[in-house]
Amino acid sequence: NGNAVGGQRKSCWYEEEIEENLRWCFALNSILHTGASQYQDIQLLDTKPFGKALVIDGKLQSAEIDEFVYHESLVHPPLLSHPNPKTIFIMGGGEGSTAREILRHKTVQKLVMCDIDQEVVEFCKSYLAVNREAFCDPRLELVINDARAELERREELYDVIIGDLADPIEGGPCYQLYTKSFYEFTVKPRLSKGGIFVTQAGPAGIFSHTEVFSCIYNTLRQVFSHVVPYSAHIPSYADTWGWVMASDFPLMLNADELDLRIKLRIKGENRYIDGKTFTSASTLSKAVRNSLDNETHVYTEGNARFIYGHGTAYKHK
Amino acid sequence: NGNAVGGQRKSCWYEEEIEENLRWCFALNSILHTGASQYQDIQLLDTKPFGKALVIDGKLQSAEIDEFVYHESLVHPPLLSHPNPKTIFIMGGGEGSTAREILRHKTVQKLVMCDIDQEVVEFCKSYLAVNREAFCDPRLELVINDARAELERREELYDVIIGDLADPIEGGPCYQLYTKSFYEFTVKPRLSKGGIFVTQAGPAGIFSHTEVFSCIYNTLRQVFSHVVPYSAHIPSYADTWGWVMASDFPLMLNADELDLRIKLRIKGENRYIDGKTFTSASTLSKAVRNSLDNETHVYTEGNARFIYGHGTAYKHK
Amino acid sequence: NGNAVGGQRKSCWYEEEIEENLRWCFALNSILHTGASQYQDIQLLDTKPFGKALVIDGKLQSAEIDEFVYHESLVHPPLLSHPNPKTIFIMGGGEGSTAREILRHKTVQKLVMCDIDQEVVEFCKSYLAVNREAFCDPRLELVINDARAELERREELYDVIIGDLADPIEGGPCYQLYTKSFYEFTVKPRLSKGGIFVTQAGPAGIFSHTEVFSCIYNTLRQVFSHVVPYSAHIPSYADTWGWVMASDFPLMLNADELDLRIKLRIKGENRYIDGKTFTSASTLSKAVRNSLDNETHVYTEGNARFIYGHGTAYKHK
Amino acid sequence: NGNAVGGQRKSCWYEEEIEENLRWCFALNSILHTGASQYQDIQLLDTKPFGKALVIDGKLQSAEIDEFVYHESLVHPPLLSHPNPKTIFIMGGGEGSTAREILRHKTVQKLVMCDIDQEVVEFCKSYLAVNREAFCDPRLELVINDARAELERREELYDVIIGDLADPIEGGPCYQLYTKSFYEFTVKPRLSKGGIFVTQAGPAGIFSHTEVFSCIYNTLRQVFSHVVPYSAHIPSYADTWGWVMASDFPLMLNADELDLRIKLRIKGENRYIDGKTFTSASTLSKAVRNSLDNETHVYTEGNARFIYGHGTAYKHK
């Protein structure tokens, strides 16, 4: 027909409002799969700049080319800081990448992954080839349940408990898994001697760290005697991201020793984390350090702090 | 993971630069199919506002919900103005919708559709269910060839010849099918007595009609003694579109007689064209009428006029 | 600094969501002025494709290059259909363009323009040079008030009453100025013998006319014995727009007589409206005609119909 | 008029193509100033997420809220590593922020800033209030010239030479200021004993560091015996950025000593750089470290490597 012709090929775009006034847009090759659970909408996109991207409720969860930065940062520092991590519990993590990184550790004998959303888990199992092996590993016990209920139900102890959850959000149930009382009365009792807790902790950029990172840090400081915040820039998130490790036992953070343990304990080669990388990641910049030192807010059941765009209840926990 | 949650669902968009400074964006449900021929890139998108959309080289060709406005306007006025149209020739039209509308006319005995791009034709045959029946009609003869070469090769005459081509474009071969010499020495000799030529004629809005519509009109005026321009607003094009009918015989345009012929000759019900609609469509507004009356430019081989964005050669003819 | 250099100059854009799934974007030269009243936000933008654009609450009101289509269509058909229009009342119209077109009619002796938003009026007076003369015309009486209250307060009669208001909107007071009871008990009693009412009537495209156009038409049909709907494509609105004229006296619509009256009564030359243009504009296409004929909805105080995006109360009346 | 009303306020956006398939968009408050020099287009925008933003040729140069990260990182590490920096030369830097940070050092007695584009300098002098004081400092000598010509013309030596230039770009002259021969024969001869050279070095993210950062590092390694790369995430750039320091004398990088020198030498308080921040910034992550170690490319006059979008000659040097 008449309206024909061009040359302008990049006509399909994924667009995300990172904040109300800030957009981040990826050219699309295709929309691979779409689905919906009772909790959320799920999409698998094939993007030009970042490869396959998992999008839940219109928010990028992870992108093929740089998810390793997030998942290695979440998993390896706590497992390497522990002298001999055998039993692990993941709250959330339905994508499977956190399990994949954990199962690379030869010390691990048992891994419980507890995600509330069966459809997300099935979707990722079906479509994320990179995690297929992990989902089949006999050490993995997959449970569909609320992470809090599951932890309270269980009697066994874990060497490492990992929070791979959505950020604390207004009106959503997830912030309950970031509160002082949850850490104190649910998580800590389930840690074995020398046990370590780690959680993703939201954006940790020069400005964005005040959204939730500093509060998560400060809340954990109320409950554990050793607390280590760290961060890394993740290109597809257009921000630096944060994690916090916590324990009542001293955390082993020496770069050379970390490198040694990586060599001894982890199958295959890390793409992101090594001793020096962790040294850099856990040495926060002046402004972030000062904010964290001066943070007074503590997450409690009745007193959450929120980040942008999280109006809908999100129960991917 | 942490970046989760939202509520912002319209995250995938098709975006087209209608002009250099003007964009038109549709929310996407999915990217149904993508393909490429030696001439052009082809996409079938499922858009939220306009349904399935055929996009060639990053330019919308036709959208499911309003392609009937374009195709009924292209086909029915010339066929209804003719006393008894039996043989028809389409230059271009690979999408199949033009053929579909022609084949609804009970008078039609033979239809030649000549498109240069086999892959576009195959793509549309496979994916555009609405035209499947037309592609199977025994009256249809489908030819893959350059329309000019095909018309010159053939000796038979046609009651109606239809130009369903891309607009005249810089550096592309299509403008040759809009020139005075082509109309005079290729098209006119292939029209039977009482024969009518019609062509899509580009944007015909209050400003955009000066891009090519007025020139196509003026060029046809040099060759035929009766020339009728008309236009209609097509929502998915974000513009009013134009067509021009031409003949060396008087064209029958009476609204009541058109309505009568529609009833007698066309199977099924038109969604757009009837007598009054055509009366309105062929009564141009003051500004457009004045431009057309005063247009002096004539398309010749060495002197084309172009519209935006058409830098790549386009041979869908 | 390092991030330098490009060639990509069209970096600033105005973006409007025409519908939830449809965006319309203009490259920007500059943001000329911004303001706010108690009712709404006001912006004057300098856009590349459409010149200066007045935007209220994020919605384009009118654009320099094609506002004449809207304002000539709103004003000239009713004034020309009237044998001798001397007194006119505008509900809304704070931009000044409607007044400008009215004041071109030599017959007009008195014009009341009643807009509720003083800031919008002041903003347009200051920044829209094209209407400056109109705002200074001694025949103009400018009133800041609710149009309904003002009409009810006044005792004089008007030859033409013009509704230049926002569309009927959910939760907003403007729909009250589109109801049967308002037309019957407020507007009609203020029309002189032979008096004509006209209102803008929202989008009137092949699909969009069902949003409000058909209902406004049907509502007026309950109150007046002669009702004439008409429409025109306005490029900057990316749609065809509608208006409805109504009277208890026959409306003069003959194209030649309209042309004669234009010559006799209007100073300067119309850019859009003449006899043939109006004939075309008032001859609706088949689908729209059928919808209007079959529309049964009538606007009443308790039963409005709405169009997209109009969640905020809007009192620009 | 009819098209009114909304609630959608974020209608004006700045949009930048960071890469061909990646866009970064800021909501706009206003377009403060626009200008053009013989070399480039200049805009000062007021953005919602990042404050005032200087845009040159459609590329963000620096944003009000985080330019301190870039400029403190460029200036303070080399000046603090030097025992007593008195004379400084900036190549480029027309914005004035680099000069502002340098002039905070009490040791500095003379600062030459050499930018080729007088209009950019005048524009920034007029509109960037934050640098007004720096532009008036009697220690500043502002020269409009090509940086290479100026360095070659001068006979005096500098304690620190700073490259605040655009990235090496295809077809542009700036890559000449990143070549081995320029460093060897123009820069090094102008450094005093113990002198330090530093340059911005383009994107340094987990993937983007291979565009130019690793090559700049490797090129400097051919010329200087001590070379220190470092990086920091800059939110408005949507990436981690890199710098490289180089000297033929050992560089002082001890965190405590850096903190001490900051206290003794710098007026006011740094917002970004302190000892620990620099330790983290100069400890690169595993992937980046490996790339830098294995980089073999050396910039020479005839063999540049380029980054996206830099098609136009850029001479802001």
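Should a chain be cited, it is by its letter among A, B, C and D, assigned in written order, with residues numbered from 1 in that chain.
Here is the rule we go by: a residue touches a chain if its C-beta (ideal position, glycine included) is under 8 Å from a C-beta of that chain, and two chains touch if they have at least 3 such contacts.
Here the structure is a predicted model, which means the values were calculated and not measured.
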| item | value |
| --- | --- |
| Intersection of contact partners for chain C and chain D | none |
| CA centroid of chain B to CA centroid of chain D, Å | 54 |
| Rounded Å distance, chain B centre to chain C centre (Cα mean) | 33 |
| Chain B, residues touching no fewer than two other chains | 10, 13 |
| Arrangement of touching chains [line / ring / star / complete / other] | ring |
| Contact footprint of chain A on chain D as seen in their complex | 10, 13, 19-27, 47-49, 65-66, 69, 205-208, 232-233, 235, 238-240, 270-274, 276-277, 279-281, 283-287, 289 |
| Partner chain D, residues of chain C touching it in the complex | 1-17, 28-31, 34, 40-41, 43, 45, 55-62, 70, 92, 95, 164-167, 169, 172, 174, 200-202, 237, 241, 309-312, 314, 316 |
